[in-house]
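Pasting the structures in now, so scroll down.
In the two complexes below, subunit A is the common chain; its partner is subunit B in one and subunit C in the other.
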Partner chain A sequence: MNSFSWIIWLIAVLGALSATRNPLHLILILLILGLMTKIIKYDRKDNLVPISFFPFFLLIILTAAVFNALLSHVGSTILFFIPGNVVLISGPITLEAIVYGATNGLILSGIFLSFSIFNQSLSAKTIIRMIPKAFYPLALIITIAINFLPSIRHRLEEIRQAQAIRGHQLRNIGDYASLFLPLLIDSLERSMQLAESMTSRGFVPYQLQSTTPHNRFVIITGMIFFIAGWIVQLSNGNHYAYGLSLLGLFMIIFWFLWISKQIPQSTYKREKWSWLDVIISVIFLSGLCVYIIPLPFIDHQILIYNAYPTVILPDFDIIVGCVSLCFLIPAFINRGPAHDLVSKR
Partner chain B sequence: MISFQNVSFSYPNAAKPAIKDISFTIDKGEMVLLTGVSGSGKSTLLRCINGLVPHFSGGSISGRISVDGHEPIKESPKSLCHVVGFVFQDPESQFIMDQVEDEIAFVLENFALPPGEIEKRIDKVLSILQLKDLRNRQINTLSGGEQQRVAIASVLALQPSILVLDEPTSQLDPQSAESLLYTLKDLNENQNLTVILSEHRLERIIPFCDRIIHLNHQGYLEAQGHPRQVFQQINIEVPLIEAAKTLNWQSIPLTINEARQFFQQQNHPITNNDNPIAHTDETFPSEKNCYKTLIQVKNLNFSYNSVPVIRDINLDIKQGETVVLMGVNGAGKSTLLRCLVGLLRPQSGEILFAGKDIRNLSIADISREVAYLPQDPNMMLFADRVEDELWITLRNHRIQIPPITPQKLLSQLGLLEKAEQYPRDLSTGERQRVALGAVLVTKPQAILLDEPTRGLDYAAKKNLIELLKIWQLEDKAILLITHDVEFAAQVADSVIILDHGEIIKQGKAKDIFAHYSPYMTQLAQVFPNTGWITEKDIAQ
Partner chain C sequence: MVLYILCTGLGIFAFLQPFFLPDIKQSYAYTQIRSNDAPWMVTLALSLCVFIIFYEIQTQAVNTRIIALMGMLVAINSSLRFLEVAIPGPGGFSPVFFLIIMVGYVYGSYFGFLMGALTLFVSALITGGVGPWLPGQMFTAGWVGMSSPLIKPIVHYLAKILKKNEMKIEIFFLAIFGAIWGLLYGAIMNLWAWPFISGPSNQYWTPGISFGNTLLRYSAYYLITSLAWDLCRSAGNVLLISLLGAPVIKTLRRFQDRFSFSYQCE
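Our next item is the complex of A and B:
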């Protein structure tokens, strides 16, 4: 699948996750993402996140639920009271606060899982290519960080074993110092080696020349339009203000592309759009539209579920549920490393 | 091609210069070996060639350097990268991308070469370095030797006329190292590339190089010239050269074939029956038989993700016995050692220590009696002082009265003077001894060492041999992994060779190193049927 189709997929999933607070729909999206992790053929063989997802998400959801229950005492279904005068904590613990917090946890888990799938499905080089050249040093840092993660995980395990054979046991927080200090020192040493290697191969971050009045005008106007549109929409709810923000956004993107041309750098392989990529990108965008645009055949009140003031069982919209299945498409069409699918030049 | 004139360099805040008054020239198309003990300034000198020193390192430099018309002292590494390709010791730490092709393309894209040209250059370097099949592979799935080739390919893509390599074979097993050296020689001869490399294990590299530049421990150039001339001037314990000196040969042999010819010219037939060492050897194992077995492994099997790594291993290690474990990378050697100290739990089989099943013991309990030194001692070191590293182990084990005082142990390890120093500031060999101190301070009965000679110079290796002999006399059971056949021949009582997790050969060190061809020492190859495997055998 084309990298830009992947970006559209990510935007669609993130959009869907932020457009609904209905626990049933959130669970469905999580299940879809979980299923993807099982059947998709990743481009990257290394597991970037050294955890198993299910217990991790359970922890996130529980933490979010407990945290919200302790801090928010709103809701009509009181389960018990925390006595005393502890600031923020003392007061009634409500079922609504727990459900609201757990819903936050579901959204956070979905965001984490979708980014994880995105990262593992694209090679480091592909991610770099998608970032405008004006941000190349930043993109490179991100790439190096992504590549470092598995090796850090591997080193941490080596250090744990090396300390274990000195009789080291993790009894208190201070004991973690013997794991993290060698890891920190080792990572710094490796960073220096990498910097030295990059320098010896002639890598020097390109300094942008001073910008001309024209491109200064474009970026400043673009930012003003973007912020002004946002403020107008927030103040009087005028949906046309989105258009102003969108215009500003286009001007900012145009500026980045313009500036990027200054940077003397070539691209060895460019990805080609196929008809399949176009079709599935349109499908992802349509899926997103179902979540965010008020369409006549969809009851958006189901998506805008709120646990407060009294928790009720959430409804489930079968059409939205079916549309959500489109997020599963990459699992069936990603045919292994994207590298083999791209055309030369 | 390369000329150094009275070059001296000091790192920032260093008390003394790293290299002093260095002068030499290297001609186009030469393959030059840079030698010297750890800390003699080899890496610094190599980094002067492409301007990493002083531009990346900082510090003060004097003298004049000229590299193919460029002046690295004045020009930046960027302007020199088209002339000098630099490959570092650890290939893993120099990669930016995760795929082979992307890694090679990275540098070319940075120089804004057109895509067609990039493709041509990638094709060319992949073909020269025989990496075509690995073009789309993830770098972290490659072997050490393959990774080192990718590192070379990524610098050769810029088409430099000089290739500089800092200890390129130090992380490789003997087979990969030899293959890499053949590749370098091929680049040198067929691509007319000037190659300069530093290395500690000289015996494998001497046959490939035209000239040697030797630095002494103070950073001065001590000798330079053809290897034969240099080895007459300096004292380095390379087996063939030591043998030649012991046997008073007129000329120093650089290859096994040369040594064989010299030996035949001497017309000095020696058979196994005449060899006093062979007789001693016959009696040696029976003496050891009187000691009790300390480590017993019975039908051990271990798998990673259902892939068998250790298959049905049986072995006994007695008190006072040194067993060497050998085999290619991935044969399961390190896994076996980790099983023995309880870091990995085998799927089946038994490991008995002094008759006790280790399954019932914690890692902490096992490590009190079985010291294990992993491949990279840096993973253990994090204290501010050398002595503190030993106290940390004692504290971990909650030992109030140490069986041996840290000062005494440091003295045995030759580190008493360094007790107050920051461990990571020490040389590779010294750091390894600090790590050894950290695992030996509980006075264990058995010692397991995983590739302890990696990155060590001859002096550090000699120290390690002395230590091993002391531990043998103290009746410690020693099991060590090494790729260094010459080192193993000096310390081993018996040898086990693993392949694909199975023991494929097991026997007395004298038999294996004298007769089993993949693991014969250089001297055994020169003096077949004599039983000679080390210089000591010849001297006796």
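Our next item is the complex of A and C:
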């Protein structure tokens, strides 16, 4: 699956998780994500999260529920009292607080799981490749850092062994100076050599255009729109004010894209963007729209579930539930290292 | 300069907006929805600020030597973060802030911002830590590096007045600086999640209460959940700066001279 389709998938899942507090819908999304981790074939071979998901999420949900129950004593269904005058803790323990905390735990687990899938599915190099051309010096710094990481770890081990041969022992934190300083000096020397070899091979960084008054006007206006929309939304809760923020955001994004167009860059390999990627991206966005846009055939009140003041059994919207299944698509599309790059011809 | 001020202002507003909200009349139903979308707006605002500051810095100071030097320093610091993830230290102890502070202090605020923000980004890439919390971490770590040159005038002034070894004064103030940022980093990063985990309790963020009350609630929350954790980070920064600060500053200064030469073709 194309990396931009992955980003759209991530946005759609995060949007769905933000748009609902209904525990049944959250559990469904969590189950879909959990199922994905079982059947998807990741691009990255290194296991970034060496933990078992189910016990981990159970722990998050339980911790959030207990934490909220101990600190939030609001709700009508009192289960028991914690006696005494312990600050924050003493008081009634309510079922509503437990459900509210567990709902927070479900949302946090969903966010964590969706990012875990995203991180595992895209390699670091693929993410770097997505950095806009306007930021290519930064992308170069990041590429250098990532490529030199293994050699730095290797060098650290060499220094440790050399110091050990000299009889140096690592007893306290001060002893680590004899490892860190040679590593720092060696790395700085290597950066000098790297700079010289880059220059000798003809690398000259493209001089990025400084922000002219005209460009600066666009970016400042964009930021003012963004802040203004946000403040208006915060002040009266009108979600349409986000439109102003979005306008500002798009102004800045288009400005960066326009700058990117000015920078000449040769592309050796380009990622595939097929019709299938377009279709599934549209499906993900449609799934997100069902969650966030008021549609006549969907009762959004079911999604805005609140445990307070008295807990009730949440309803389940079958249409939203079916639509949520679209988030499972990458599990069937992503077959092994999918970011196969093709030479630009 | 206008863009830096605007971005910093937007970043501060993004983190501190729960404190400004009490002055605004809001409904209960709105509060419930808001607790879901607030972190995303904060993430979006901070991403925007980080990108704009990155671009501004790029246009002012980019050459081959800076790219290579920065790449290597970020690699060293990211390996330290990698070690920290593999072998967790006590509480919030993290060795990454040491080098961010040192680099920012010696090479200046632009370099310090890049060092802080890129270290967090690269280490997130290699440890699988990319998430909505990342822009906040990048921005705050960038602030750590960006603000460290601020103590230079104090050091120069005191060295002149007291007629003492400047290095000792530097290390003393950098240690204090590291201690403050150790606590501040945790306090700022908590703000990203605080409105998100809020419930209608007396101890959490609820729109509609006064500024003082919000501050009191946040202080209570911070004292209970984070202070002990952040004190470990703070003590770790002090320890590392006290033990390794002087030789690292000397090394970075030596290379600063070597990296600052330029040649012109005829």
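Heads up, the rule we're going with is that the second predicted complex is superposed on the first by the 242 of 345 C-alpha atoms of A that agree within 3 Å, B and C clash if a C-alpha of one lies under 4 Å from a C-alpha of the other, contacts with A are read in each partner's own complex, and residues count from 1 in each chain.
Following the convention adopted for this analysis, contacts are C-beta pairs under 8 Å (C-beta built on N, C-alpha and C of every residue); 3 or more make two chains touch, one makes a residue touch a chain.
Nothing here was measured: the structure is a model prediction, and the numbers come from that model.
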item: Touched partner set for A:A177, first subunit B, second subunit C, both or neither; value: both
item: Partner, of subunit C and subunit B, that touches more residues belonging to subunit A; value: C
item: Subunit B versus subunit C as contact partner of A:I318, first or second or both or neither; value: neither
item: Touched partner set for A:M198, first subunit B, second subunit C, both or neither; value: both
item: Touching partner for A:S266 - first (subunit B), second (subunit C), both, neither; value: first
item: Contacts of A:A164 with subunit B and subunit C, given as first, second, both or neither; value: first
item: Footprint overlap on subunit A, where subunit B in one structure and subunit C in the other make contact; value: 124, 140, 143-144, 177, 181, 185, 190, 194-195, 198-199, 203-204
item: In the complex, subunit A residues that touch subunit B; value: 44-46, 123-125, 140, 143-144, 147, 150-151, 155, 158-159, 161-169, 177-178, 181-182, 185-186, 190, 193-204, 264-270, 337, 339-340, 344-345
item: Complex contact set, residues of subunit C against subunit A; value: 2-3, 6-7, 10, 13, 17, 20-21, 24, 26-27, 29-30, 32-34, 36-37, 40-41, 44-45, 48, 51-52, 54-56, 58-60, 62-65, 67-76, 78-79, 82, 114, 118, 121-122, 125-132, 196-197, 199-204, 220, 224, 239-240, 243-244, 247-248, 251, 255, 258-259
item: Of all residues in subunit A, those that touch subunit C in their complex; value: 14, 18-19, 21, 48-49, 64, 68, 71-74, 87-88, 97, 100-101, 104, 107, 111-112, 115-116, 118-120, 124, 127-128, 134-135, 137-138, 140-146, 148-149, 152-153, 156, 173-174, 176-177, 180-181, 183-185, 187-188, 190-192, 194-195, 198-199, 203-205, 208-211, 216, 219-220, 223, 226-227, 230, 234-237, 245, 249, 252, 256, 259, 304, 306, 308
item: Contacting residues of subunit B [partner subunit A, same complex]; value: 50, 52, 55-56, 76-78, 81-82, 84, 86, 88, 90, 92-99, 101-102, 105-116, 118-119, 122, 136, 138, 140-141, 154-155, 158, 338, 341, 343, 363-364, 367-368, 371-372, 374, 376, 378-382, 392-393, 396-397, 424, 438-439, 442
